[in-house]
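In what comes next, chain A is part of two complexes: it sits with chain B in the first one and with chain C in the second one.
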Partner chain A sequence: MKQALAIAAKDLRSEIRGKEIAPAMLFFGATLILLLSFSLPPGSGRAPVPIPVAGAVAARHVAGTLLWTSILFAALIGLGSSAAIEHQGSRIEGLIMAPVDPALIFIGKAAANFVFLTLLEAVMLPVFVILLDPAPGLFPGILLVLLMANIGLSSVGTLFGTAAQFSTSKSLVLPLLIFPSCVPILLSASQLTSGLMMSGTFEGQSRWTILMLAFDIVYVTLGAVTFEFVLTE
Partner chain B sequence: MNSVLNATGVGKRFGRVVALRAVDIDLTEGETLLVKGPNGSGKSTLLRLLAGLTRPSAGSVEIEGRPPATVRRSVGYLGHDPYLYPNLTAEENLSFYSKLYGLDESRGAAALSSVGLEKWNRPVGQLSKGDTQRAAIARCLLHDPRYLLLDEPLTGLDRSGSELVLELMRSFSGTLVVATHLDGGIKASQTLDLGTEAI
Partner chain C sequence: MKKDPLPVLAGVTATAMLAGLWAVFFWVPTEEFQGVVQRVFYIHVPMAWVAYLAFAVVLVCSIAFLKTNNSRWDTVAHSSAEVGVVFTGICLATGMLWAKPVWGTYWRWDPRLTLTFVLFLIYAGYLVVHRTAADPSRGGRLAAVVGITGFATVPLVHFSVDWWRGQHPGRTVINVEGSPQLPAEMLLTLLFMLAVFTLLYTVLMTLRVRLALLEQRAVVA
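Take a look at the complex of A and B:
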């Protein structure tokens, strides 16, 4: 596990120095959520609404989808860049030549991507909160959904981001692999977020929680087991 | 002596392009093989096959009787790319690889010192080609490999750097395979000229 930590630490240190992934991802994410949030009535996220704002209920229904659509598009930039850095100069071969279990390479890379996603959300969420004004009591729940979804997204992004690098049409292959794979996680995350915005609790949302956790487990396992084949010619 | 590094009829095709025709290699422990040939003759492909980074289209490669991918702990490989991260210093890069190999982090500094790299605290992206090559050679030697596969190791090195690397090769006690189109100063027990077997 020390090797996985070393890979994650190397990715984070390299990014802090080079700033090759975060700036584009953060600016794109913040801009997207800003634009989308402006399409909702101000204050429509507050629950309960003392005097309902016109369209507030509908807005809370779609709030989760807006948040997660923004996160997905911004994350795609970061996940693609993260994998590309390892393939530039064939650096991935340095990892392959080292006596490291490919599953640990996957875990290390996915852990770094998890941090990048969390950083992205740390920028996007305040914009979402300011413009939609959800009740402060919802924040822990929203954070929990974000962290649960990040496990799956970072796993999918690491696995398919790396696989796409071996293709000659990277920019085409990456979204083709990532978008469909992310559907179960994003669907669960947006439903859980919208549910929280509507009712203030996770009550009645257990199926979405189970679906998300199940896909988290599936994608982490799939990545750890198949990364060896992704890395080999 | 028993052979430790074997290639039997090993060849490589990329689609319809033949990158390397059937090559046979038989090296015993401590031998040095010099692989010569012009650009495009398959030298790099052969070294990648020996390192287990590419699968052969024909024939087989064995190191100590096993596929190369299973004995990577014993192999040091220097390809065309240094496998170093440009935003990290040479020392940080070597420290990272030390952790991957389960070695003490101080090994990185020792390896950099052995190749005479003075700018070890500068990001690799800011190093000259020669200094980057020195750092890459240090990365190969970091884990004291028994097999060293060097693809054009003198590329980018000035005279003193070349002499230092040639001395490192001469003093290397394991099995060495060096691919180069310039063979000056390399003493080899066997030579494979791909120029005559070229595609």
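Take a look at the complex of A and C:
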């Protein structure tokens, strides 16, 4: 476990010094929320809308989807570049040769990506609140959903982000691998978020929670088991 | 020299397919509410099941490939993924043909439809990874990882109709009620078509694996 922590610390330190991932990821995420808000009809906002506008929807009906779509796209940028950086100057080869269990390398890198994702969300959530206006009382609940989803997203991102680096068309393969595999997590996360914004509680949402946790467990386990084969020459 | 079983297998499959199609179009009674269009059910459902089978083969062969590093397993897994993607595509297409008259629209964002589409994309990703890797042996390994993790979505597709009240019809054969909710003729036709498409899968797999082996020999030579 110490080795996994060391690898996570290495990735985080490299990011703190190089600042290669976070800035691009954060601004891209904020841009996405802004862009996606254009898809709402004019007058949409916190329900009930003071003066009803024809076609306006309460932002809370779609907020979950908007938030999660933006997070996923921004995460893709971050996960892709975090894996790409590791391949610059063959840094990954050093890791492959190091006498460390590949499963621990996976856990370490996934943990670092988990931190990146959480940071991303910490910045995006306020933007999201300003633009879409969910009640601030829902923050702890949304945060819980975010953290649960990050486990699965960072595992998938680490596994496939690294795998895509060995492909000749990285930028095509990366989203093609990451997006479909993330759908079960994304689906439950956006359902939980929207449910939370509609009713204020997680009541009646246990199925989505179970689904998300199940996929978290599956992806962490499969990632740890198969990462070895992604790294093998 | 041993006799090649493929022509016999292909002949049996073709005959059974004709018999099955005859049953689908002439023998089985027309469903009362949906009319003639319901007959696509006998192609749609077997396609989905055989696609699950194909992806299960991908899973097993991918594990075997990673364990043994014998490229034969990768060849079988890759062939099965190709057939599976085609069958999933046909399943989606026949579903849309049914949905247009019955639902009034080709597509709805129902959980099972969405997840089947996701399954299609995951295994399309498998094929792309296999093809685009810098060297073929690594491509096989990366694809095997996708083939293993991708299978996690299959049960989700299958049970999605029970877990979420979508618009896709529920499971009619092995279902929550415990017994098939179909008249005997319909069930018989469905099971027969299932057998036919499983045979078709076997034929396609045999052809595809042989072709792949020939390709590999051509590359080596």
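As a working rule, the second predicted complex is superposed on the first by the 210 of 233 C-alpha atoms of A that agree within 3 Å, B and C clash if a C-alpha of one lies under 4 Å from a C-alpha of the other, contacts with A are read in each partner's own complex, and residues count from 1 in each chain.
What we mean here is this: a residue touches a chain if its C-beta (ideal position, glycine included) is under 8 Å from a C-beta of that chain, and two chains touch if they have at least 3 such contacts.
In this text, all values refer to a predicted model and were calculated from it rather than measured experimentally.
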Will chain C clash with chain B on chain A after the two structures are superposed, or do they fit? fit
Tell me which partner A:167 touches in the superposition: chain B (first), chain C (second), both or neither. second
Quick check for you: in the superposed arrangement, does A:215 touch first (chain B), second (chain C), both or neither? second
Give one of first, second, both or neither to describe whether A:177 is in contact with chain B, with chain C, with both, or with none. second
Would you mind checking which one, chain B or chain C, touches more residues on chain A? C
Put simply, what angle do chain B and chain C open at chain A, by C-alpha centres, to the nearest 10°? 90
A:206 in the overlay: touching chain B, chain C, both, or neither? Say first, second, both or neither. neither
Working from the superposed arrangement, determine the closest approach of chain B to chain C, counting only CA atoms, in whole Å. 7
In the superposed arrangement, what residues of chain A touch both chain B and chain C? 232-233
Interfacial residue positions of chain C with respect to chain A in the complex: 66, 114-115, 118-119, 121-122, 124-125, 128-129, 132-134, 138-139, 141-142, 144-146, 148-150, 152-153, 156, 163-164
Taking the complex as given, what residues does chain A use to touch chain C? 156, 159-160, 163-164, 166-169, 172-173, 176-177, 179-181, 183-184, 187, 207, 211, 215, 218-219, 222-223, 226, 229-230, 232-233
Can you list the residues on chain A that touch chain B in the complex? 2-3, 6-7, 10, 13-15, 17-18, 20, 89-91, 93-100, 232-233
Under the stated contact criterion, what part of chain B meets chain A in this complex? 51, 53-55, 72-73, 75, 77, 79-88, 92, 96-97, 99-102, 123, 139
